[in-house]
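Please go over the structures that come below.
Next, two complexes with chain A in common: one pairs it with chain B, the other with chain C.
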Partner chain A sequence: MNRYLKLVHMEIHRFRYVLGSLMGITMIFQISALIWQVNSKLSMDRETAKQFPESLFSQISFHEIVFSIQFWFIIPILVSIAVLSLYVFLIWYRDWFGRNTFIYRLLMLPTARRHIYLAKLTAILTFVFSLVAFQLLLLVIEKLIFNMIVPADRIQSSHFSDVIAANQAFKELIPRAFDQFVFSYGLGIMALIIIFTAILIERSYRMVGIVYAALYVFVCVFAVVFPLLSLGIDRSNAYLYPEEIFGIVFGICAVLLAASVWLGFRLLSKKIAV
Partner chain B sequence: MKRYLLSVILGVFIVVGIGAYYVNGAMDRLPEYKLSTLEGNPDEAQMVKLSGSYGGRMLWESLTVDTDGSIYRKDRSEFAKSLFNNQSWKFRDSDMKALKKEHRNFMRGKGLMDSFYKDEEWLIYAEGIVHRNNNSMLDANLKIDLLNEKTGNVTQYRVDISDEANYSWIDILDVQRVDDQIHLLVRQHVEASSELHDYVVDLKSGQLIRNEMLNHGIRSGENEELNLFAITNEIRSKPGEFVVLSVRKDRRTKESSNSYRLDSVSEDLFSYSYKTGKLNELLIYKNKNKLEDDSNDFTLNGNILSNLRNNTNAITLSRYDLSLDQKLEGITSLSAQQLGADDIGSLRLSQNRVYVLLRKDSIPQLAVLDTATGTVLYKGQATYEGPASNSEEQMKNLRLLNIDVQS
Partner chain C sequence: MIEVKNMSKSYLRRHVLKDVSFTAEKGQITCLIGINGAGKSTILKSIMGLSPIKKGQILVDGQPLDKLTYEKVAFIPDHLTMPLGMKLAEGLQFMADFYTNWEPSRAEELMDFFQLDALEKIGNMSKGTAAKYNLVLGLAQKTEYVLMDEPFSGIDLFSRELIAEVFSSHLIEDRGVLLTTHEIGEIEQLIDKAVIMQKGTIVREFNCEEVRSAEGKSIVDVMREVYRS
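Take a look at the complex of A and B:
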């Protein structure tokens, strides 16, 4: 356990600058967009007030501002998703193709090799969830900034759930219902484990391994999607009821998850040689 | 420990950040509403759900309000919605829900709601199947599944109804049992026209006893087409001696090279008795010119055909006994003001009750009326379940538009 935690820390430590940069980019983009949008709205109102001194201005709410600058909020989120997606592969391949072929040292550590696999998996999940948590914290900070730059008499209060609903990306990445969060990220974790296993298949069998890995990913996707399409979940005359079809799909996901983890462990301990 | 500070901080940050978000989300409750009794018997409103939306947030939130309280759609995740809402149009119907609960296995793969019949002895399901045979002709078959409720035995019959007419498709509109005969009301499409047939099948042998074409005697002229519909029992699987047939004549007007506009010319209603085989035109509704008026609504409940309409803010309910062939007492022009409200939102007829969604000073109210006399059996209104100081503001944010009755 101790060795596993040390490996996790090592993986986090190796990515710390990239993670920090992603957080920084997100913060700069979102806060700049917020300040720019609020200032342009206020200056537009001031111009109108000069021309029409009798004008009454509507109140400004934080969620409306977030809604109006969705694009600038989504850009850094997409960048973070792209970087993390790429790092899912790099977290393994950098150990082989990096300057010091670090994988040899890792594989020779006096600990079970499955710890390497689990540490890399934990590290990726830590990066994902820390970016999610950072986004939540950032929204709180952004709201404070909003409250500071908008005159108090013009502020209309916003509920946090309205702020989340104001951005399409937030709705997907930070769903309001917790079971939706578990379901979405559960699917993501399963996809991550399947990709990890595919990478290890490729590393074990090299050139022909690419074919095996692609085949493995295809079989996994097919196994999940096929029952949903073929059993007619939205067809009124389907033989199985929707809850039964979902049950089958969950069962298949559980089997795929267990099989992928087992295969990954096995390839790492038996097939990959130093 | 200091060495691992970054990992520890990230771990704590994740747990606290995401945890706080969901705890805050769980505590962020939208206002609770309830249907509270103003007068009458609260049991009359037990099966009613009023649906609409709450507008006090950035997005309108869908909700339902009943005598127990309110439920917001947002409180169910997209995942739960996709899990439970699949085929929801089928299983939302309380009749289908009950059949699924009682006969889970028999109900598998059976999706046509008009194709069920249920009494104390039998549960019957029928389906029309058309397929092309080796001679490039279309074969039409009726597939009938019977469940004996006492023994639990399931029997299947397949009845060939192919004849010289080349049916392009067939629909089952109603299934009934009269003693040992199964009656299947079928709409058959032959080229551009459609016909209604009553196929009578022997319950014990599955043999076709007779095929009655229901001749309504209405002919379509040039550039006209006839559309046939059936008004079946409100509870679809319930036994009933009668079905009401609607024959609508539409005029076709060419709008462009490949599009047509259909304008209704007339609509006539006929009652058909499965027991006697008699087709009787309902002259009371002849050329009733109802087609442009969406608020019209015919409901068949046993032998009683009811027509409910909201005419310039007043309810009119006419009732007709098909077995006695006579008009019954109903409701004549009962206005919103007579019900103590400003206007009528929507109406719903279910069993022997009329459910009326009213608005009084913009506050939604529900009235339940007896169909025969129009007597108010229940009256209630939506109330805010929170501090009285917020009540006025929160009631302004509530819009209730529809009535759902779980019979």
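Take a look at the complex of A and C:
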């Protein structure tokens, strides 16, 4: 346990600058877009006021502004997703390639090898959740900035849930319903574990392993998608109720998850080659 | 004692190792000798569980490999095994964090002996310095056995002399050393047992002192016999 935590710390430590940069990029993009949008709206209103001194201006709410600059909010989120997706592979392959082969050292640590797997998995999940948490924190900061730069008499209050709903990416990343959260992040974690196992298959069997790994991923995707379609989730006259079909698929996912983790541990302890 | 029994390994239907058996005793320096591609490094990696074997058995003091073996056997590969972004001191700390057998005082002694700068980045080291640092990482563990892969390859003369000096020091005595090399040179006098390999098989295993006194032959003489026959 102790060595597992040390490994997690090591993995996070190695990625700290990239994680910090992603947070920095997100902050710069979103805050500058916010300030720019608010300022351009206020200056437009001032121009209008010069021409028509009698005009009344509508109030400005934070969530409307967030809605109008969705694009600039989503770009850094997409960049973060792309970088993390790439790092899912790099977190393993960087230990094999280059001038140093850190995997020698990792595999020779006097601890169960599954800790290496679990530490890398924990690290990726920590990166994902810390970026989501940072986004939530950033929204609070952005709202404070909004309140500071918009004249008090023109601020219309907005609920946090309206802000989340104002951006397509937020709706997906920060679901309002808990079951939605479990569903999307659960699916994500399962995909992550299947990819980890595929990587370990490739690392264990090399050239032939690429074929095995591709087959393995295909079988996993097929096992989840096929029952959904064949049992007729999209048909109203299907034999089973949608809840029952979801139950079956949930069961399949649980089996796949357990099998993937078991296979990953086994490959790492018995088959892996440096 | 490290025992390798009938070890075989193949890759894409090509035999890398074929029925390899030998032992390396504690308190002795055993040397696996062979030209490049003979399978020496593969044997060391297999002993450390870094490369799976197809057939055979590997025992360390009668026990098969498990996680505790890594507290008992240290492996010094011929290249860096630490992240390049770390400083040398951070690498030592990493070892101290994970190995209960790590001896900081011995690490310090070795760092001084090789004149390594603890604040330097691992990625900035030359090949020779990296080899010395690898020795620090391996020898500062208080293990009963040390495996070394080509400790002298591609290293300048003076560094080689320094490393050879370590072999006859208190840092090695009492331990069992298993090393691979394709150039005997400096260490011929230090080796107790030689295992000569060719194309994945062991062609001769002998006690150097016995052969020297009984047949009047050096290791190089025996090698010549083997490779020229």
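Please note the rule applied: the second predicted complex is superposed on the first by the 271 of 274 C-alpha atoms of A that agree within 3 Å, B and C clash if a C-alpha of one lies under 4 Å from a C-alpha of the other, contacts with A are read in each partner's own complex, and residues count from 1 in each chain.
In the analysis below, a residue touches a chain if its C-beta (ideal position, glycine included) is under 8 Å from a C-beta of that chain, and two chains touch if they have at least 3 such contacts.
From a predicted model like this one, the values you see are computed outputs, not experimental measurements.
In this superposed model built on chain A, chain B and chain C occupy separate space and fit side by side. In the superposition on chain A, A:R154 makes contact with neither chain B nor chain C. Seen from the C-alpha centre of chain A, the directions to the centres of chain B and chain C diverge by 140°, a value given as a multiple of 10 for the model superposed on chain A. When the shared chain is aligned, no partner comes close enough to touch A:R266: not chain B, not chain C. Touch criterion met: A:L136 reaches chain B, while chain C stays clear of it.
In the superposition on chain A, contact of A:F181 is made with chain B only, not with chain C.
By the touch criterion stated above, A:T101 is placed in contact with chain C alone, chain B being left untouched.
Measured by the number of chain A residues touched, the leading partner among chain B and chain C is B. In the superposed model, A:L240 makes contact with chain B only, not with chain C. By the document's definition of touching, of the two partners only chain C reaches A:P110; chain B does not. When the two structures are aligned on the shared chain, A:K41 is found in touch with neither chain B nor chain C. Once both structures are overlaid on their shared chain A, chain B and chain C have a minimum Cα-Cα separation of 11 Å. Against chain C, in their complex, chain A makes its touches with residues 3, 6, 10, 14, 98-102, 104-105, 107-113, 204, 207, 270-274. Contacts from chain A toward chain B in the complex involve residues 5, 8-9, 12-13, 16, 61, 63-64, 67, 126, 129-130, 132-134, 136-137, 158-162, 165-166, 174-181, 183-184, 233-243, 246.
By the touch rule above, chain C contacts chain A in their complex via residues 12, 45, 48-52, 67-68, 70-71, 75, 77, 79-85, 94, 97-100, 122-123. By the touch rule above, chain B contacts chain A in their complex via residues 3-4, 6-7, 10-11, 13-14, 16-18, 20-22, 24-26, 28, 57-59, 74-80, 83-84, 86-87, 89-90, 100, 104, 108-112.
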